[in-house]
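Each structure below appears as structure tokens.
Note that chain A is present in both complexes that follow, paired respectively with chain B and with chain C.
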Partner chain A sequence: MSDTATDYRQMWADLGLNLEAHDMLLGAVGQMYGAAYMSQKDRPEGMSYFDFVISEIHGLRIKELRDHQAAGGKIIGTFCVYVPEEIIRALGGQAVGLCAGAEWAYDEVEQILPRNTCALIKSFMGFKMGQVCPYVEAADLVIGETTCDGKKKAYELFGEMKPTYIMELPQMKRPDDMVLWRGEIDRFVAKLEEVTGHKLTAENLSLAIKEVNDKRRALQRLNAARKASPVPISGKDALLAVQVAFYDDVPRYTEMVNKIADELEARIAEGKGVAPADAPRIMVTGSPMSIPNWKVHDTIETAGGIVVGEELCTGSRYYAKLVDESADTLEGMLDDIAEKYLDINCACFTPNPGRIEDVIAMAKDLKVDGILHYALQFCAPYTIEAYSVEKAATEAGIPVLRVDTDYSMEDIGQLSTRVEAFLEMVK
Partner chain B sequence: MTVALGIDIGSRSIDAVWLDEDGTVLDAVVRDTGWEPAAVAGELVALHRFDRVVATGYGRHHAREAFGSDVLTEITAYALGARALFPDARCVLDIGGQDTKVISLNERGGVADFEMNDKCSAGTGKFLEVMARALGYTVEQLGPAALDADAGVRISSMCTVFAESEVTGLVHRGEDRRRISLGLHESIATRTMGSLKRVGARGPLVFAGGVAKNPAMVALVTGAYAGDVIVPEESQTVGAYGAALHARSPVAAGASGRADKE
Partner chain C sequence: MSDTATDYRQMWADLGLNLEAHDMLLGAVGQMYGAAYMSQKDRPEGMSYFDFVISEIHGLRIKELRDHQAAGGKIIGTFCVYVPEEIIRALGGQAVGLCAGAEWAYDEVEQILPRNTCALIKSFMGFKMGQVCPYVEAADLVIGETTCDGKKKAYELFGEMKPTYIMELPQMKRPDDMVLWRGEIDRFVAKLEEVTGHKLTAENLSLAIKEVNDKRRALQRLNAARKASPVPISGKDALLAVQVAFYDDVPRYTEMVNKIADELEARIAEGKGVAPADAPRIMVTGSPMSIPNWKVHDTIETAGGIVVGEELCTGSRYYAKLVDESADTLEGMLDDIAEKYLDINCACFTPNPGRIEDVIAMAKDLKVDGILHYALQFCAPYTIEAYSVEKAATEAGIPVLRVDTDYSMEDIGQLSTRVEAFLEMVK
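On to the complex of A and B.
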């Protein structure tokens, strides 16, 4: 370990981390990252920023957040793309996505949660119970939301370990649901004003809207480059970029992603790609993928395919829609925020034709050869909605492979065979 | 003479087929996988000379490292093999040692859709092996015993672990083990029909893989499936034959390579 790494131990101890377990976690994540990422050829040079971010994911970034707190700012932990980060930012808070992409402390988790709970929920509970996530420990408040039944019931138990505030997300998109959601936005503002001690104004909110939109615009640029053939960036790298969007400092991140987009646009002009032009182009849709969950992308790209798009919360659901910037009153801005967020199409909504439309439109735009529908085992919304996605895709002439899996590696042999056979089929 | 070799490295057996330029089978060999699949595969490969080799089965990537073969999944290998043996075939059912595959073929013989069990061994050769042991039969005795039963007992669990305890419970209740055996086969057949429907299977079905040697499974699948069911004489070597055919084809070299991770 470097000297810098050693300096963080006191910080981790102050945060109440289990240092021994945390060392194991960092070792495992480093190994996974090395295997999945550092072996890639012809990566965009700009990705070195993300290599650095990952190497300092529990180090420098946490130190920055601690400094922010020391200066009077607050850290707000979130688990979901429906939590409006513009409001957190306007009130001088830093929004951070919490750890949930690996099996951790399942033995402890299974003492309070059923074994057949989805991996995402078991994981975020495990990171808290095992005391290995500095983000959750550093957070002044965690925002939960009523997306699926598993999450909302798990937050009741999570709330016993950490101050947690729940936003009620409606499950339908009728006018009355918008009324409920708009009220939830007001209650969220009131709660955050109380926690941060700041007052939300048209000035600070319009700036935050602009900054977060810029971040999403940068991601839109990066992802638009993936339409090219040959593809100038791997699916794994593009996924990582979105995953980090939940953690990183907003203006710095935007600048770095725009730099990568510049580089990708130059690559397209030169006809330079990371995979042969005839590599099968695959789009992934389904449950979220948190760091370090790179399993499906790694399997596809190791087998010779290339992932060109993600209709995921760690994908287009995060960056595709922007908050309207034309409002000049606080109320108008909050209306626009409410509208943008309720417009996201998660499988927890019923009916949910918007997601099916998004998937098909994106698949056509990206000229994909096939769609991989990824659902976490026991995630009822996505495992069930997979049927409708497959039906619509088949009608559109796009082959679909349905994968129900989790964060473990026990099914990797079968998964590789299925993915390879799918690539052979769509070639 | 240019010789093409296909090798199917499965969980229970390793099968090899050598073809000449015309596609005539020069030799076909089946060996138990045993404890050292790499060694067994190495011995098989050394039996006859060859110019090109394509490996399939779960050990295909190890074969790539060991003797530089190209690789193809079992799905595509079985589709190729079944279609070449039976040009009218429109779907393939392969029940192997640790997985079950159903494949529907398009008019040109390519894979149109497929389904494969993911995590567990429910309804596979391994499942039947465990159940045979629970009933005091050898694997070879299990199918004939089922055919000897007047009716099957309903087995509700398809999980190998749960079904074993269910079977043990039935044995302790004094149930005729032939009827239990029939019930086990019926539950696999029902599940298989569901998979075939999901991939849109119709027309002649080729039933391959080690479990196609089981007469009760063949009888039940034939009875339940709407089209013709064809069981190849050498049902175990369909995959190796398909891999050998792929080795013969001009696109084989370098066409199915994995990204090099090293």
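On to the complex of A and C.
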């Protein structure tokens, strides 16, 4: 791999990365991945694709994106499920996630942001300030949004370091909010047409809707397999699949995930699982988990539980809903996109009964033994909504463990103890 | 006062207050007020009105509000400067603030809200859960808003304890946001018409606009006097005047504030001040300060500084802008109301250059020696925007002290030390 590595170093240098720091980062991610993933038994063979993806996470995929740019395409960075990937793709862009799953350059970040800022926000700022995220460095434009106070205000500072465009997500879901949001979709199209130099048409958008829906359908298949007992795939592996969905080439990714789904369906027919049939079935809900944030899943599965579903932005909020494919005009397609995206139930909305309903419905469908409500510390929307989730789940007879944490490993001992006690209790 | 006190106890009991806890609260507020206010030298005589108001804060004023209700009027609780008081007043309602300036019943609050929630939010929830705020108990309806994540989500839980209506404030100030906000004003009118049983007309609204503008004009006069050197009124007293504006009878309040302004103008003519002409002139900007939150002002003025202005919701954001009075149709008046309110520069907006401009313009106009940026801990909008305020002020040559704090007195020693060092430095 030495030749390839040399190639990448030049590419990373061209992107302005801090090479020394970046080496450290890649080393740490590799080590974390090895510890959390490679020790798993009986993994689906198809997961080797994701092993490869992670091993090349800042290598081959970045090379592909740079080639895409060299051919005139654009790279659009974002990490929010409300940013319509279909439009980016229809205009010849590639959507990529921002690095946001690990502590990085917090000393620098805390010069400009309060220490009491959620880990996700400190992380994406830190990866930028520390110059170790090739995705953000390669991006022609970053799309931010107004989903929470922290991101909304942090993007103002981020925008001084990188071209950034902010979409305003409304805070309610009434007809007037849809009017605002529909206008926001039009403004997003105009901005991306300007940046890409392409024109959105019914043809290119229709194709992109189909391709992105196919990606989400593949994830729906993979996740549907987790209803089975024994469960044919670990929660960690299923989480990784959604995390990579934010970065990867769409058709290739869809093909690979469908292959895994085939394999999982065969496993179910054989009654083959990755955990005993009596392992406690846990669903996770709350704040998003970006690569390499596998802490909660790893803790649950190390303790003998099995995660069977994620009501997360890196989970069902990403794949559960599709854009209607029946429209045949551009306006109609954009209406359908606006509708699908506003229909996602993030805790940033008020009121937000849809998320509570989603959580309870998923928990029942997946026959869970317990729910772990995971929130990043200082993430007001999820830490506050946790109360309502817990209340509804308790009324439905489902035990809940609330975990408010961050990206550090300092609380891992306490977290393990709490998770072990919870698994013991629910079984 | 024993007869009156007895009357009030029955009223408080009728309101469902926890009488024992409420006695403790009133005792504590009285003590805090005595310590912070009554020791001041050379106060304007007109401030005796506010001494009376505070001594009767849960007594006479509540009695007036109960009488208003007995006569068929409604009480509308809110503590956000974006809720249009003119409309409440035109419909025969009285707007009152929610108690939110002291630590109360945090143990109960932290059962439902994260500990990492800003003091203002924990406080208004605590006053409700501890049943010690006659304003909230007397209110027929509470108006919440979506200005920040914490309030937005906390109001969902508050709404389970008290009839609550939420206004959606947009997060940007573009034409489409004004469309949403203008619709929000219409929905607010419809809701209040339903609650009050009255109909909004050009006549009653025009009168209410005039009366509320008069109140704000009186505060503008009072605050304009603070430009003088020596300063004719303490920052604490000026802050109190704005704090009471949220609760008091409008015409009486306006008259009393104008009397104080007369007195201040006479003092200026005489060259009379409450602090030496060379006392460091400090402006405060940031999160709101509700009664009895006088901590920062008290610390500055105890240390020998003088607060000459507040760019706060309990400050210039409350009084600096007026509703245009020239419209002669109901629709035109509502347009003007929508415009005036959306023009306020809270840190909840993105981007929010208007606040930075306001801070710098005020600081120059008031010839301040330094700015104290005050933010409640865990208030993401203000703690993050503090960076941009500090940057702009530093570029304008104005020193800034950043204080992130809460309602406890635990940090008072450290705060005093920092403030003393800052005053020493700026002078």
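Heads up, the rule we're going with is that the second predicted complex is superposed on the first by the 425 of 427 C-alpha atoms of A that agree within 3 Å, B and C clash if a C-alpha of one lies under 4 Å from a C-alpha of the other, contacts with A are read in each partner's own complex, and residues count from 1 in each chain.
Everything that follows uses one rule, which is that a contact is a pair of C-beta atoms (placed from the backbone, for glycine too) under 8 Å apart; a residue touches a chain by one contact, two chains touch by 3 or more.
Just so it is clear, the model here is predicted, and its values are computed rather than measured.
After overlaying the two complexes on the shared chain, residue contacts for A:G413 are found with chain B alone; chain C is out of touch.
When the shared chain is aligned, no partner comes close enough to touch A:E325: not chain B, not chain C.
Ranked by how many residues of chain A each touches, chain B and chain C are led by C.
Of the two partner chains, neither chain B nor chain C is touched by A:E357. Once the two complexes are overlaid on the shared chain, A:L113 sits against chain C while remaining clear of chain B. In the superposed pair of complexes, A:D404 makes contact with chain B and with chain C alike. Within the superposed three-chain model, A:E203 lies out of touch with both chain B and chain C [touch as defined at top]. The residues of chain A shared by its contacts with chain B and with chain C are 404. Partner chain A is touched in their complex by these residues of chain C: 112-114, 116-117, 146, 148-150, 152-157, 166, 168, 170-172, 176-177, 179-180, 183-184, 347-348, 350-352, 377-378, 380-381, 383-385, 387-388, 404. Residue ranges on chain B touching chain A, taken from their complex, read 58, 71-76, 99, 110-114, 116-119, 256-259, 261-262. Touching chain B in their complex are the following residues of chain A: 35, 39, 301-304, 399, 403-405, 410-411, 413-415, 417-418, 420-421, 424-425.
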